[in-house]
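Naming follows writing order (A, B, C and D), and every chain is counted from residue 1.
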Amino acid sequence: MPVMNVRQAINETLHQEMERDENVIVLGEDVSGGAGTPSGEREAIGGIWGTTGGLLPKFGEKRVIDTPITESAIIGAAAGASLVGKRAVAELMFADFIGVCMDQLFNQIAKFRYMFGGKAKCPVVVRLIYGAGMNSAAQHSQALYNMLTAVPGLKVVTPTNAADAKGLLTTAIRDDDPVMFFEHKALYTKKCEVPEGEYLVPFGEAQLLRQGDDVSVVAIGRMAYFAEKAVDALAEQGIGCDLIEPRTLSPLDEDSIIDSVEKTGRLVVVDESPPRCSIASDLAGIVAGKAFSSLKAPIEMVTAPHTPIPFARELERAYLPGPDKISAAISKAAGYR
Amino acid sequence: MEKQDLLRVYRSMKTIREFEERLHLEIQTGEIAGFTHLYSGQEASAVGVCDALSKDDYIVSTHRGHGHCIAKGCDVKGMMLEIYGRAGGLCKGKGGSMHIADFDVGMMGANAIVGGGPPLAVGAAIAAGIDGNGNVAVAFGGDGSSNQGTVFEAMNLAVVLKAPALFVFENNGYGEHTGDEYAVGAESIQARSAAFGMLSLAADGNDFFDVYEKTAQALEHARAGRGPVSLELQTQRYFGHFEGDPQKYRAAGEVEKARQEDDCLLRFRARVTGDGSLTEAELDAVDAEVLALIDEAVAEARQAPAPTPDDVLTDVYVSY
Amino acid sequence: MPVMNVRQAINETLHQEMERDENVIVLGEDVSGGAGTPSGEREAIGGIWGTTGGLLPKFGEKRVIDTPITESAIIGAAAGASLVGKRAVAELMFADFIGVCMDQLFNQIAKFRYMFGGKAKCPVVVRLIYGAGMNSAAQHSQALYNMLTAVPGLKVVTPTNAADAKGLLTTAIRDDDPVMFFEHKALYTKKCEVPEGEYLVPFGEAQLLRQGDDVSVVAIGRMAYFAEKAVDALAEQGIGCDLIEPRTLSPLDEDSIIDSVEKTGRLVVVDESPPRCSIASDLAGIVAGKAFSSLKAPIEMVTAPHTPIPFARELERAYLPGPDKISAAISKAAGYR
Amino acid sequence: MEKQDLLRVYRSMKTIREFEERLHLEIQTGEIAGFTHLYSGQEASAVGVCDALSKDDYIVSTHRGHGHCIAKGCDVKGMMLEIYGRAGGLCKGKGGSMHIADFDVGMMGANAIVGGGPPLAVGAAIAAGIDGNGNVAVAFGGDGSSNQGTVFEAMNLAVVLKAPALFVFENNGYGEHTGDEYAVGAESIQARSAAFGMLSLAADGNDFFDVYEKTAQALEHARAGRGPVSLELQTQRYFGHFEGDPQKYRAAGEVEKARQEDDCLLRFRARVTGDGSLTEAELDAVDAEVLALIDEAVAEARQAPAPTPDDVLTDVYVSY
């Protein structure tokens, strides 16, 4: 299998799906770049994250649409096109920009099918580039998947490696429901083997990254990598962990998490967001309700603090949950009597 | 226009009128829940625009959507059932007055968020442009909505992409309790739209023929790939913003005067009987037909079964 | 003490605070009404909920500002004015409209102080009218306090009676931080005695509505009333509950909740929102972490389902958590062995 | 203008230029984290506007904010420390390049959300209007930002309330990698603003004097209570959108030509020496002063202490 990084996997998937289905269209700011500029170079960038490169030359301006800076209209247009037969893949350059198009996400796209009594379908994919780790400060670093997971009608996906990026994006584009596809900016260069050709990863199936009997660790997005480090280090000290990475937050693979907790009796959740109404607390709440009788220790949440995201390197490092904090939480859970 | 066309137009306008006047009464019985915004007075706008469209063209509507729905061809009984919250309603009772949609006739949904619709219309227009099928997408909106950021964005994006979209601004003078004179800082909505770089027209929204002709002109422009069009229609609403509105913002006698002197149905009738296209008797026959339909619709809606509690959980996703 | 309803209490508070401090201003759609209309009647409505009546005649157009339909600009303007010395009280006619102004709420207002290193203060109050129960369907009925509680930098307040409405709104207006003030539309007509004159209720202090030793029930907003019914009925059957209504979701009176759970060992949380990343799961997560050793039963969450809000009476009734569902959850928690 | 005024203006423009040119180099060392958007080339815009303001007037800036900050009077060393993420920075290292603010000099903050600022400026203008203190609030924005809904809303609200706001659109031809020719559907930003119902001006953004005079005209209008003003400035940026931008959208030789033929500093110098207001030597002395200041600022920033981890938790609320 070829080895590629997340960026390349996403790019390849967009190429494959646009080739396969002429109803797939891509739109966003600078997905191609160069429109209306003096160079005459029509693909001036191919997406600032490099994920949409080569699409315009291959599929043309009708299907690869550069837009002004106009997120409400981008998401609304993607939705409108998808309501009448297209499968639009819209890019939000930074997930933080949901603020300027939130209505289209949570009042429109999410609710069409229900409000219209099941008669509409809106197979739109919104790609949201998210996460801290690049010192982009408070308005360009947030992990806002909790806000969209809270919204009935949306599906929420958080791939962490290149193979999943491909498999989940393929599934997202073919899915008949709206999908919020979160790509962590600090994971774009992560490489792994990626199946060739058509490859789908189903929604609602978590992956088990490590196996162990002492503590269940659930980690979202980039946190899975930090958790891996912590888990591996603790394994050497004789503490064995299940490490679960949900892959999709909505639908959620509750069963895998609950089964694991029924085995270990201890749960640590790791989430890059601040704690309140987070995925961390969401999972804690589910487990405290559905696997209570198995629990042998307090549920440990490892999250960012209840603060905006700071700029300076030293501050952002302190802000983010890292392997040390995760390790401490696991040890605490494992040691609780 | 042929006689049958004129009759169809009249029937459509009259159906809207009677639907709304009847709802105004029925709402007072307490049987109808939620917010209802009536369209009475504006019929020539909805029908003037929609009669110029083909079935395959799209419309996106607003909180005040009944008129647009009927004009675009939604089933009147299905609408009434929906407004009564019945299981057999167009949206199974899940949407209600503010969320009626019928994709089979190109009606992409009423929308309870002011400014929520225009970006969607641009999307449908983009899709039509890709498919090259000549379809146009119409975004209805009010004077009040014209100040919402999403509407401005939709207009600019449509211009940039030369999308075949038509932005119809029905200016009934008020956004809730506030006048357009106050809320629209521009000289006019038409002038502001023009400055976005698109063909921008205006019509007398109480004159079916004027609306129809301007819409036809707009459609020709959009279908020819020359980009979006804006159309401002001056019109009037006969009832309050919502049912129960004290309407302290009205001038004394304002609505009575409008009903007597500038009513779109009366004006239509006068013109088509005046020039001999239709007779009073022919129009009266339509009136009777329409009244019977609305009576039936209300009677059926009253007796129709409500949805069951289990229905709450369906139609959230295609699959989950 | 005079008896008044929530609507009147809010109106009185706005009058009192505008009188006391000339920097307090009010803005929003139709907070007065009548601008630019032919009647010449300048106060045509006084807010569609009747909460801002009489302000314009008393304080004038400069301080009581009717706006176009332009929520981003309303919230932004409130924020900008408050950054330079005003205390703006902005009305969002329906909380559901946060979608069209979310950026101003969560990327701007919430983050100024932090991003600017503590040099800014933005004492803005946003009044959000929320909640189901009036058949206003999917886009006019939501309880979205979870989305804003998730945001560091914001305070979130959910009064349930007229006295608290007055006391908390006074505190909100005088508070130097941005406050999201959620008013439940179905509670506006609830009456009680309200202290005259100046009256402040501090943030972060829950109220204990009922006392009992068997189960701790925490209920938000209107759910407190439904929970009261359930708790009172169960009291007759010998099940005693602490019924806690947090009053403010951020800051949260964790101590009261934890103390109660330490006594009862059982927790039921009742929330009008759908379950994912809700206040219900937030509280469950906190308790599963901090009061685990006291817990004797699974945490029960009583929430709306993971669906948008339906229109029809029968559907909305089935959608909302009611006394029956709450009662069943309490019984289940109480009966767990 | 008096000699001392011209020297102040030149010093301000030159400080921006050297600040940015130096950052461009320092960024390549890897010492500076995050996104940095440089203002080189646009100095006459920031300084032309801000020099016409009083200290009590407000400005709201953008992601490309260094120039506005310096022009409004922010401490240059404090800025440099901030960009280096130091504890002693203007925002204690919490904001960084995209979030510099200094309320003491009326600088209400850079803003990393395109279109985030203009509504805030309207709010500050409303406050000034209430207090009747004659202050004006300026919202800086780019050509790209002019298409954002929040900006349109801010303009309309300012017109409706006759708020003393000034919307400055610095048109440098690009929003990231896309041309204004494409993204702005209107004939011009100026024309579109005018249609919102406000006085709408334009100036040569590379000519300090033109910018200054048009700003003065705008301020007179706004301070007199005649409502908001829009001002479009044609200008150019010398570096990429962000540092690292491959700039494939540029015409060959575009920047070199601009630097040689249309540079605002060179034009200023030519004019003031040409008409005898200042001598080359006087200007050279300013250059030396500025270079020394920037050297010092960088040297200090490099050595300054970083914030401590505990600082993460402070400054979220006034009290909680």
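Definition applied: a contact is a pair of C-beta atoms (placed from the backbone, for glycine too) under 8 Å apart; a residue touches a chain by one contact, two chains touch by 3 or more.
This is a predicted model, so every value here is computed, not measured.
Note: the chain lying farthest from chain D is B, by mean C-alpha position. Between the Cα centres of chain A and chain D there is a gap of 35 Å. Separating the CA-averaged centres of chain B and chain D is a span of 45 Å.
Rounded to a whole number, the gap between the C-alpha centres of chain A and chain B is 39 angstrom. Averaging Cα coordinates per chain places chain A and chain C 30 Å apart.
Shared interface positions of chain C, defined as residues touching 2 or more other chains, are 67-68, 70, 72-73, 96-97, 99-100, 103-104, 107, 114-115, 137-139, 152-153, 305-308, 310.
In chain D, the residues that reach two or more other chains under the touch definition are 91, 93-95, 99, 111, 113, 116, 147-150, 153, 156-157, 160, 182-185, 316. Viewed as a network of touching protein chains, the structure reduces to a complete graph with every chain in contact with every other.
Considering their complex, residues 58, 60, 89-95, 99, 101-103, 108-109, 111, 113, 116, 118-131, 137, 149-150, 153-154, 156-157, 160-161, 314-320 of chain D touch chain C.
Taken together, the chain D residues at the contact with chain A in this complex read 33-35, 85-86, 91, 93-96, 98-99, 111-116, 144-145, 147-150, 173-185, 246, 248-252, 254, 306-309, 311-313, 316. Residues of chain A touching chain B in their complex: 25, 62-63, 65, 67-68, 70, 72-86, 88, 103-104, 107-108, 112-121, 152-153, 155, 175-177, 251. Residues 147-153, 155-160, 182-187, 191-192, 194-198 of chain D touch chain B in their complex. Per the touch definition, chain A reaches chain D in the complex via residues 29-30, 33-39, 41, 43-45, 48, 66-70, 72-73, 96-97, 99-100, 134-140, 305-308, 310-315, 317-319.
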